[in-house]
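Shared between the two complexes below is chain A, which has chain B as its partner in the first and chain C in the second.
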Partner chain A sequence: MEPLLEIDSLTVSTRTTSKRLLDGVSLRVAPGEVLAVVGESGSGKSLTALSIMQMLPRVLEMSAGRMTLAGTDLTSLRRREIDTLHGGRIGMLFQQPRRMLDPTATVGSQVAEPLVRHLRMSRREARRRVLELLADVGIDEPARRAQAYPHQLSGGLAQRVMIATALAASPPLLIADEPTTALDVTVEAQILQLLKQKKRELGMSVLFISHDLNVVSSIADRIAVMYAGRVVEVGTADEILTQPEHPYTKALIECSTLRTDASGQLYVIPGGSDTARELDHGCRFRPRCGLTQEAHLEQVCDAREPVLLSIGRSPAEHECRCWGTAEEREGA
Partner chain B sequence: MSVLDGPKTITPATLTPDSAPAGTVTRRNRTRALLRQPWPLVAGGAILTVVVVVLLLTPWIAPSDPAEQDLTQRFAGSSAAHWLGTDQLGRDVLSRMMHGGRFSVTIAGTTVAICAVLGTLLGILCARVRGAFDEFVMRVCDVLLAFPEMIVAMFVVSILGASKTTLILALVVGGWTPFAKLARGVAMEVDARGFIEAARALGCSRSFIVLRHLLPNSLNPLMAHAALRFGHKLITVGALSYLGLGVQPPAADWGSMLAAAQPFLSQAPHLVVYPGLAIFVTALSVTMIGQGINARRGSRS
Partner chain C sequence: MRFLVRRLTVLVAALLAVSFLVFLIPYLTPGDPTRKILRGRVNAMDIDPAQLESLRAQYGLDRPVLVQYADWLATAVRGDFGYSYTSQAAVMPQIGAAAMVTLVLAVGALGLAIAVALPSGILAAMRRGGPVDTAITTVTQAFVAVPEYWLAPLLILVFAVKFGALPSAGWAGPAWMILPCVTLALRPISYFTQITRASMAEVLDSPYIVGARARGLGYYRTILRHGIRNALIPVVTLLSVWLGGLLGGSVVVEVIFGIPGMGRLVFNAVHNGDIPMIQASMVTIVTITVLLATVTDVLYTVINPTVRGSHVGS
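Moving on, here comes the complex of A and B:
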């Protein structure tokens, strides 16, 4: 199927030092599909989202790559066209919903903004539609809530309001940047449920960004794992969660189960990802990787960076960026 | 209160628990909400209201013509005919103060309003545009701030001659800079907050974001600053009139009344005390309002 969103070797670097924060990221989201992007802090998940939205901070620039949404090249849009894109073709959810609502404006007026802007509704029409939208995202007493100010809402309610706002103009793509991270687990489950339901109703695609594999497992159709500004493994959710190939993915899954070892210690991935960008040759995960020593691949991993190799039965099913797995396949 | 009304500042009325939904604020609630404001705000507001009402009604309630002389009644003390006595030419002090106050307060008010609007616009523009424009405006600010406001004002007035317009112009030239600096700082802080990013992600235009989200969220500190500046301006207007650069005789304002009374300080101290008090009380009331706004902001965040 023709993908809705296609990102091809996206590279983002700082203007002054040309440090590469995203390096050749390629992602594909089919219509009606949920692609989850996982990785630890600083892996470039949010930066990918901002790049798609053409909302990179001024100090960063997109130095290479192509991005298309339903055939439209996103990188060559003019400001006016970007405004139509935002909210109209791509909706966005953020991590801390309460900070994303203007404290001086009522909830209703904020949900109405995209209606007036993108659907050219009159204020009166918009006011009526706002109540329907709020009811649609499971908010009781929408008329009263529409007149409330953001500080009167709980985190879960605020995220529901944000969902209503992001989906007001029925965009074909929703980018959800850690939408449940700031919420407690019971509310988190409700919000995920709501997102799934909305996805079904509107038939939209979702780019779901998260650091939490447990959350991702409940909603994703496909998963892309990012490390230090690169996609290291991508595949269907089932494949990634049950048969992870990349040592980093395996380690992430190990971490997310919160299991303790014999001495009662929680499993952590040794080292930090902050030094990974400093490496200018070889595999970025090498210093933290167990497989390197285990499989006696030090020289290979050190010399060249592995490429994304297809390892699934069909070409796009499962791709992994690791010398270890590549070696294994060749040997087999 | 409708869904799509313009931005509103959050009054304590809307902070009441869920049992009293916003939009059904009764009169009783309103009184209670007013009294729950910080006391400097209530007290300052009350005093200022009295001052403004008296000044507005002056043409009808002033006891006598402010320019009418009665040389037989020079330096009279308080009496039924002249509540606050008379000056060196036998003119009624109360009437002169009421008429003079109209001048002082109007000039100070107009100046602060112009300064606040101009400074805020420039400051927000600087914060949004950045770059060379920002740099230029801020350096102009620095240069103007390097001179005391009085010196700049005296310079302008002595070049252009004394009149109401030049007085306002003179005070604006030196007066917009603090607003620009403050607005720029506040706008930069608000600009970095989440909802601005969210508004961008919804496709709001830049001007919409500034007017609908940035400005309402920057307004409180700017209003507080405007109130503080008003008292300051009132004193500056008085000082300029005192130096003969403000209002021209026979008209009077509080500052020029002080100046005229100076030679007779030992003979008739009331001529100095009353206009001095008028400046002091009015400036104090507005300053208190400013502090009240500040306190309200502090307690909310």
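Moving on, here comes the complex of A and C:
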């Protein structure tokens, strides 16, 4: 099937130092599909989302790559077309829902904005529709909530408001950047439930960003794993969760299963990713990778950066960026 | 509503405290307090020693001080502060006229400052780091260093003396307002531009601006609907502080431009030891200042919903 969103070799750098924060990221999202992007903090998930939205901070620039949404090139859009894109063709959720709302404007007036902008509703129509939208995302007493100010909402309520707003104009794509990370566990489950329900009702595609594989496992059709600005493994959710190949993905899964063991202690992958982007040769995961000693890969991992190779039964089923995996497959 | 009641209580308490100090002025300054008080009441250059005792009894100055204060306050509330030692006329009407002049001057200067500073501050923030920002910031920073007593003569020399375009001194109509207002406005323009710029820059970097753009509002509509209002919250608070400052700070300008305002009036009253005039003007100035602070607080609450109302729901 033709992908709805197609990102090809997206590279984002700082304008002043030309440091590559995203390096050749390629992703595809089919219509009605949920693609989860996982990776630890700083791996470039939010920058990927902002790049798609054409909302990168001014200090950063997209230095290479192509992006299309339903065939339209997103990188050459004019200002006006970008406004239509936002909320009209792509809805977006954020990690801190309350902080994304203007503290001095009522909730209702802000939910109404995409209705007036994208659906050309009159203010009266919009006011009525807002109440329906709020009720549709499970908010009690929508009339009272519409009058409220953002600081009067809990995080969970605020995220429901954001969902109502993001989906108000029925965009074909929803980008959800860590939408449940700031919420406590019960509320997180409710919000995930709501997202799945909305997905069923509206049939939109979702780019679901999270650092937590547990959260992702219940909603994702496919999963892309990012490390230090690169996609290191991508495939169907089933493949990635049950047959991970990349040492980093394996470590991530270890983290999440250990966490569900309720041992209290969080398992953390040894080492940090801070300096990974500075490595100018070889694999960026190398300093933290346990496989290099076992498989005597030091030389190749040190010399050349691995490429994303297809390792599944079909080309799109499973791809991995690791010399160790490649060797293993060849040897088998 | 509760908020308003609380504000008004504070306002009345502050005024009472100040009025008591003002009432004590004749007692705290050198010389016989009885004579000083009676001079302002009977409107005489001095009190005939033969009449002193009967007048003291007539005006109740033999009663305890607190009773006298209550009496004085009751009279003062009706706007009666007695007669000026120098002009021999009732004090309050003179103060009313002078306060009006100063208020017009201050409001004019503040209006001018707002009209210039808010747009330039907002524009500078929107063009952060660019040439427009640099130009606005440089010019307004230079304005801070310009004192009124230097600018006023310069303006008079250029616009009144050289071009004859505007009157140099006096207070006879709108044309007489222009040079004093420009003089007074320069410093507030400088401060307000910088404050507005900083405030707007912070707002433009805040998450809710990203949020508004993600809803499709576009850059300019986002700024109009969600940027400016938030950026003005801290500015509004400072505005009335400055109006208070301008009321007091206009002394130099009133003296140089020969404007019959409060500044000049107080200046002369202190110079002449005109106690009734000093008392009445102090009460007037404090009343206006406290009222302004109250208005600001109310305005701040109206513009900023996060300081009102309580949390609802879970």
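Keep this in mind: the second predicted complex is superposed on the first by the 323 of 332 C-alpha atoms of A that agree within 3 Å, B and C clash if a C-alpha of one lies under 4 Å from a C-alpha of the other, contacts with A are read in each partner's own complex, and residues count from 1 in each chain.
To be clear about the criterion, a contact is a pair of C-beta atoms (placed from the backbone, for glycine too) under 8 Å apart; a residue touches a chain by one contact, two chains touch by 3 or more.
Source: prediction; values computed, not measured.
Chemist: When the two structures are laid over each other on chain A, do chain B and chain C clash or fit?
Modeler: Superposition result for chain B and chain C: clash.
Chemist: Kindly classify A:R144 by the partners it touches after superposition: chain B alone (first), chain C alone (second), both, or neither?
Modeler: Both partners, chain B and chain C.
Chemist: Quick check on the superposed pair: does A:Q96 touch chain B, chain C, both, or neither? Answer first, second, both or neither.
Modeler: both
Chemist: Going by the contact rule set out at the top, does A:E113 touch chain B (first), chain C (second), both, or neither?
Modeler: both
Chemist: Using the superposition on chain A described above, determine whether A:L157 touches chain B (first), chain C (second), both, or neither.
Modeler: second
Chemist: Looking at the overlay, what does A:L167 touch: chain B (first), chain C (second), both, or neither?
Modeler: In the superposition, A:L167 touches no partner, neither chain B nor chain C.
Chemist: So, does A:A105 touch the first partner chain B, the second partner chain C, both, or neither?
Modeler: both
Chemist: Report for A:T84: first if it touches chain B alone, second if chain C alone, otherwise both or neither.
Modeler: Both: A:T84 reaches chain B and chain C.
Chemist: Kindly point out the stretch of chain C, out of 19-27, 55-63 or 235-243, that overlaps with chain B after superposition on chain A.
Modeler: It is 235-243.
Chemist: Residue by residue on chain A, keep only those touching chain B in one complex and chain C in the other, then list them.
Modeler: On chain A, the overlap between the chain B and chain C contacts is residues 53, 55, 82-88, 92, 94, 96, 99-105, 113-114, 117-118, 144, 148-149, 151-152, 162, 165-166.
Chemist: List the residues on chain C that touch chain A in their complex, please.
Modeler: Its residues touching chain A are 206-208, 210-219, 225-226, 229-230, 233, 303-306, 309-314.
Chemist: Of all residues in chain A, which touch chain B in the complex?
Modeler: 53, 55, 82-88, 92, 94, 96, 99-106, 108-109, 112-114, 117-118, 123, 126-127, 130, 144, 146-149, 151-152, 162, 165-166
Chemist: Give every residue of chain A touching chain C within the complex, in rising order.
Modeler: So the residues of chain A in touch with chain C come to 53, 55, 79-80, 82-88, 91-92, 94, 96, 99-105, 110, 113-114, 117-118, 144-145, 148-149, 151-154, 156-157, 162, 165-166, 169.
Chemist: Mind pulling up the chain B residues that touch chain A in the complex?
Modeler: Per the stated touch rule, the residues are 1-5, 7-10, 14, 18, 21-23, 193-195, 197-205, 212-213, 216-217.
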